[in-house]
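Shared between the two complexes below is chain A, which has chain B as its partner in the first and chain C in the second.
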Partner chain A sequence: MLKQCRAVLERELFYMWRDKSLRHILLIGPLLGLLLFAGVYSYQRIGNIPTGIVDLDNSSASRQVVEELKNSQNLQVAAYFDSFAQLKESIKRGEVIVGVVIPDNFGKNVALHRQTRVAVVIDGMNMAYATNASSAILTVTRTFGAQVGIQTLIAQGIQANQAQEAYQSIAFPEEAWFNPTLNYAYFTVLGFALNVWQQCLTLAACMTIIGENGLRSWLQIKTSGISSAVLFFCKSLVHIAVFMLIVFPLYYLAFVVFKLPLACGWLNLLSFTLIFIIALHSLGTMMSSISRNAVDASRYGMIIALPAFVISGYTWPLEAMPQWVQHAAWFLPQTWFFQGLNYLTFKNPGWGFMSHYYLALGLMAVLFYSVAALRLMVENFLPKGGLM
Partner chain B sequence: MEPVIKVNNLVQKIGRKPLLQGITFEVMAGECLGIFGTRGAGKTSLIHILAGVDRFSSGQITIYGHNIRKTEKFKRDIGLVTQANSLFRDMTVVENLDFIAALKKAPKANVLEMIERFNLKEFLSKPAAALDIGALQRLSLACAMLNRPKLLLVDEIMKDIDLPSRNLILSELEQFSAGGGTCVSAISTLTICDYIDKVAWLEGGTITLYDLQEAQAEWDRQEKYYAEQSGRCHA
Partner chain C sequence: MKQILNIAYYEMMHILKERVLFLMIFFVPLLYASLFGLVYVSGILQHVPLGIVDLDHSKESRDVVSAFENTPDFKVIPEVTTYAALEKGMKTGLIRAGVVIPEDYSQKLSQHQLTQILTIYDGSNLIYGFNTRKYFQQVLNTFSADHTAAYLSGLGMTKHEITNVMDTVSYSMEIWYNPTLSYATFIYMGLALMIFQQIGLLGIGLTATREKERNTWIQFLSAAVSPWKIFLGKALPYYIANFFNYGLVMWVAVRFVNVKIEGSVALIVLLGLLFDIIVVSAGFVVSVYVPNSLLVTRYLMLISVPIFVSSGYSWPSTHIPKIINELVRLMPYTWMAEGFRLLTVKNLGFSYLVDKIIVLIVMAAISLFFALTFSKRRKPPAQTGLAVNGSISYPDKSCLRL
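Presenting the complex of A and B:
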């Protein structure tokens, strides 16, 4: 049996290496994904958001607002307009993302301590841009609003320090944990690259069984008397080892070269990745066992791999999805992996917490491999055409 | 003497369509049975059932005393040559031989012997998919014989092949029979089948057994009859 096993292992390895397209997909795909995403998110946060200003007042107070906007960390005053219509047109053309309209009599109203309104419009077409713009503008308006409020209190005869204390009596200092600078690269690069990797893995795993029994050479294997269990066990070993090897350079680049956060240490990360690979391979093997041919298997693989990342809760919280999507998502190994990965890399919450993730992935592997084995057994015991 | 193959009331259905309708026959050691029939008669299905590749609807088959539904032990003594190329297309000739030898737990010496016997030296590094039909059938038979089988199951091995390959294969089959080997060979013509002792004529899901001369005479009779019926020949 050892000789048979070795022959199957060698053949599978050579097959994966010799198949140029498979080799390129597996080796280059995830790495290219990582490099691409690292490049895309190299600025780490969105800055220099183009801002247009309509100053209808042109007073010292309005110029002070403009100055505050200019000094803002993430806003860049890109244009001044004479009217709201011009600003609207510019936002439509995508030249500016944020528009600030300072009305007539702004300075006068501020001086008379009357309530006044500065209109701020944000282009909501691109959510990432809009969220960042909103946050940047909020910082400016909050600061400016406080300054005006303090000045108003001083004008009413309150001491400067008292006025300042009145405005700062309740402080809400913000502090982002685990990703203090709210770095986009930390959050997205690894997830997106591993999404490419898991898609390649799913597609390759979907060929485990149909890649053998869908070919005429299956007759040679069946006649040889080698048991299906030995054959597919050996094939699976190679797949799992290759999938694991592929992730090493990806992790090296991510954590060593790009210095993404790795709170849990290498051993935890690799063991968690291994259990995920086994679970994902089992899912692919199960899909392979129910496929009638290789094309069907690829389709099933795509159906699983493509939406898996989106519904995993990595980019959009699971809790914000409909209940039925949440239930479906937890049946996919990808959900457990991407959720667990975030916890491990950012927080390292410890074995007590992570053991649920390991257990879920392990149970999935047992379940999916069992279904695949059952399906193979049924196929073996039914006469040809019996499943038609 | 116990027969090598014992087929009793074998029924095979593809979907709902009956293909083999309760066929019964035996093959004794050292005998070569030709399964003769036209295209779609069920020759390949029968060969695949005997090789333990396809399951069957009902009936009983024993090979070397093993009920083939219950065990795969009989597979260590058989060799199969399929009608369509079933070798590993992504592998070269020598890789096919090595891999199949490993699957069949055959020693490396057998690989070297088969390369010699089937004149495969010049093709060793060629992909199996790139071989011409003659070399491919030689390789297929070589792979089937790697485990030194006692029973050979061959499916239309002579069809469309070149003369040197045909003679080499014929000589090997004759040697195999002379050495006491048992053989079942699917054929669609009654020419180039001197190695066959008995013919199982498969038609309409049932078989009729003939010796080779009787089968050839029956073929001639039917050919003449249908020629007359069609008005093509007025002999």
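Presenting the complex of A and C:
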């Protein structure tokens, strides 16, 4: 029995290595993905949002507004325009994202404490820009509004400390937890790379059964007396071990070289990855068992693997999806994995919380492997016009 | 012409007979469009779960709580009342944001001392993070203005005087092109165009490999039919089906997902036709030169995520290193997605899209050239290595039937 197992293990490892396309996909795909995504997000933050100014007043007060904008953390004054039409054209062309129009007589009105209005326009086409720009503008308007208000009150004879208190008696400090610098690379790089990784694994897992019973050698295997259970158990063992080995360099690059956050320990992360690999492999195996050939198995597997990341709520939150979609999403192992990964890498909420994730992935693995085994048994007992 | 139509008819029969291929071409685009539509249908992130730790329990602190309760952007979670609960709630995802009002809040206000309200948000998901930060600023700007107005009123100023002081400089902020900052308008069509590309490539990508696997490709190669006729005949059904899917996906986007699609219909059609030519001809070339359907499926499935992420559609290309930008400019998707967005979201005219259209025309011409002039010399199947990588075969249960 042990000898038989060893032979199957060696054979499977050899077969996986000889499958050149699969070998390339597994060895190169995830690493290339990680390097590419790390490159894409190497700027890490959306800063220096190009801002265009139309200063129709050119007074010291209007220049003070421009200074405030220049001092803003995320805005970069990139162009000055003579008219609103020029600003509009520049926003259309995507040269500036934020436009600020300071009206005629702005300084005079401020000095005379008459009302005046500064118009701010934000290009909402790209949300990464738009949400950051909105926040930056809201901060500037509050700060500048307070400064002008204080000056106005003092000019009206209110004592300086009272004027200041009216505007600045409450401070609103903000803290971003788990990712204090709001670093996009922390948020996205590992998620996207593991998305490519899980797609590669799915392609490999989809070969588990069809890679045997779709070949003529299947007849020899059946007549050799080795049980299907032993055969597929040993095959799965090799697949899972290989999948696990592939993730090591990925994690090394992500956490050691690129220094992405890892709130939990390595053991937690690796054990969670292992249970996900088992669940994903079981899903691929199930797809493999119900397919007529390897192409269909890959298609079925990838039909789930391709949209799984979007549905998992890793980027657009699950809570913002309709209720029943949220429930349906939890039927996919990828949802448990990507949600769990986010918790483990950023928050480490502890075993009591994460145990549900382990349990769900474990149950899925049992379910999917059972369906695959059942399907294989039925096929063996009820041959359809074939020799099996 | 008759030869082309005959080949097209034969290809159509294949599509209709092969159930999985039929479903992939006519059902999967709708399935994915609906799936992503459901994911992004709400478009705007609202009701961010918020925990408020009010350590003061005064009238003044309740005003702060009310400010957050009266906005649809937040949903106050009543279970969170202590800092420890807030920490735990943030860790377990029960809440995504928190407000801490210190115990001496009202006392300091009454003593005219500086006090503070701490705002906390979850940076582990930046869609939550950035939206929550914006919502905090909106609420606090309003709250701050109300507080200032109340203070000035306490100094004996009239309502008119207060308005005059506070509105000395006011700001009007307008968001153009996507005024509600809807994520559906932002991301949905980018994903939909990726579906269009992938399903288009996978459909025609199997057209020649299928023939090779059935040993019928040799008939095409040896017949007195020019390569360009074989390509046109084979590509015609896919070209029409893809264009149908292009329209279908847009219909789903506008009708059910409330995605903003404006702009010239002629330009939308032109972009679709050009992109369709590129997808169909590139898919055909892949199919001719790759030995079997399994390899086509494996490789084509994996390109979607890297292309989408690096295309500059979600993360702006101004913040992507130059070398990656140059590489992704070789991808038709980059030009198509950007052109489509400028057209449909910004409602720009031809003059703004001319560079995108020219690049797509050049790409279409190049891919068409290779598809129309493919070599009819057949590469013999590899004699070494695993069959799946070099030969026309791959694991298939039908090989066991007698």
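Assume the second predicted complex is superposed on the first by the 382 of 388 C-alpha atoms of A that agree within 3 Å, B and C clash if a C-alpha of one lies under 4 Å from a C-alpha of the other, contacts with A are read in each partner's own complex, and residues count from 1 in each chain.
Heads up, the rule we're going with is that contacts are C-beta pairs under 8 Å (C-beta built on N, C-alpha and C of every residue); 3 or more make two chains touch, one makes a residue touch a chain.
No experiment lies behind these values; they were computed from the predicted model shown.
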{"item": "Chain A residues touched by each partner, larger count belonging to chain B or chain C", "value": "C"}
{"item": "A:Y15 touches, of chain B and chain C: first, second, both or neither?", "value": "both"}
{"item": "Which superposed partner A:D123 touches (first chain B, second chain C, both, neither)", "value": "second"}
{"item": "A:M321 touches, of chain B and chain C: first, second, both or neither?", "value": "second"}
{"item": "Partner chain(s) touched by A:K222 [first = chain B, second = chain C, both, neither]", "value": "first"}
{"item": "Touched partner set for A:H113, first chain B, second chain C, both or neither", "value": "second"}
{"item": "Touched partner set for A:A7, first chain B, second chain C, both or neither", "value": "first"}
{"item": "Which of chain B and chain C A:N213 touches, first, second, both or neither", "value": "second"}
{"item": "Common interface residues of chain A - those touching chain B in one complex and chain C in the other", "value": "15, 18-19, 215-216, 218-219, 385-386, 388"}
{"item": "Contact set on chain B toward chain A in their complex", "value": "12-15, 45, 48, 51-57, 72-73, 75-76, 78-80, 82, 84-91, 95, 98-100, 102-105, 143"}
{"item": "Contact set on chain C toward chain A in their complex", "value": "20, 24, 28, 32, 35-36, 38-42, 45-47, 49, 90-93, 109, 112-131, 133-134, 136-138, 140-141, 144, 147-148, 151-152, 155, 164-179, 181, 183, 186-187, 191, 198, 202, 206, 293-295, 297-299, 301-302, 304-306, 309-310, 314-316, 318-321, 323-324, 341-342, 345-346, 348, 352, 385-386, 388-389, 394-402"}
{"item": "Partner chain B, residues of chain A touching it in the complex", "value": "3-4, 6-8, 11, 15, 18-19, 215-227, 380-386, 388"}
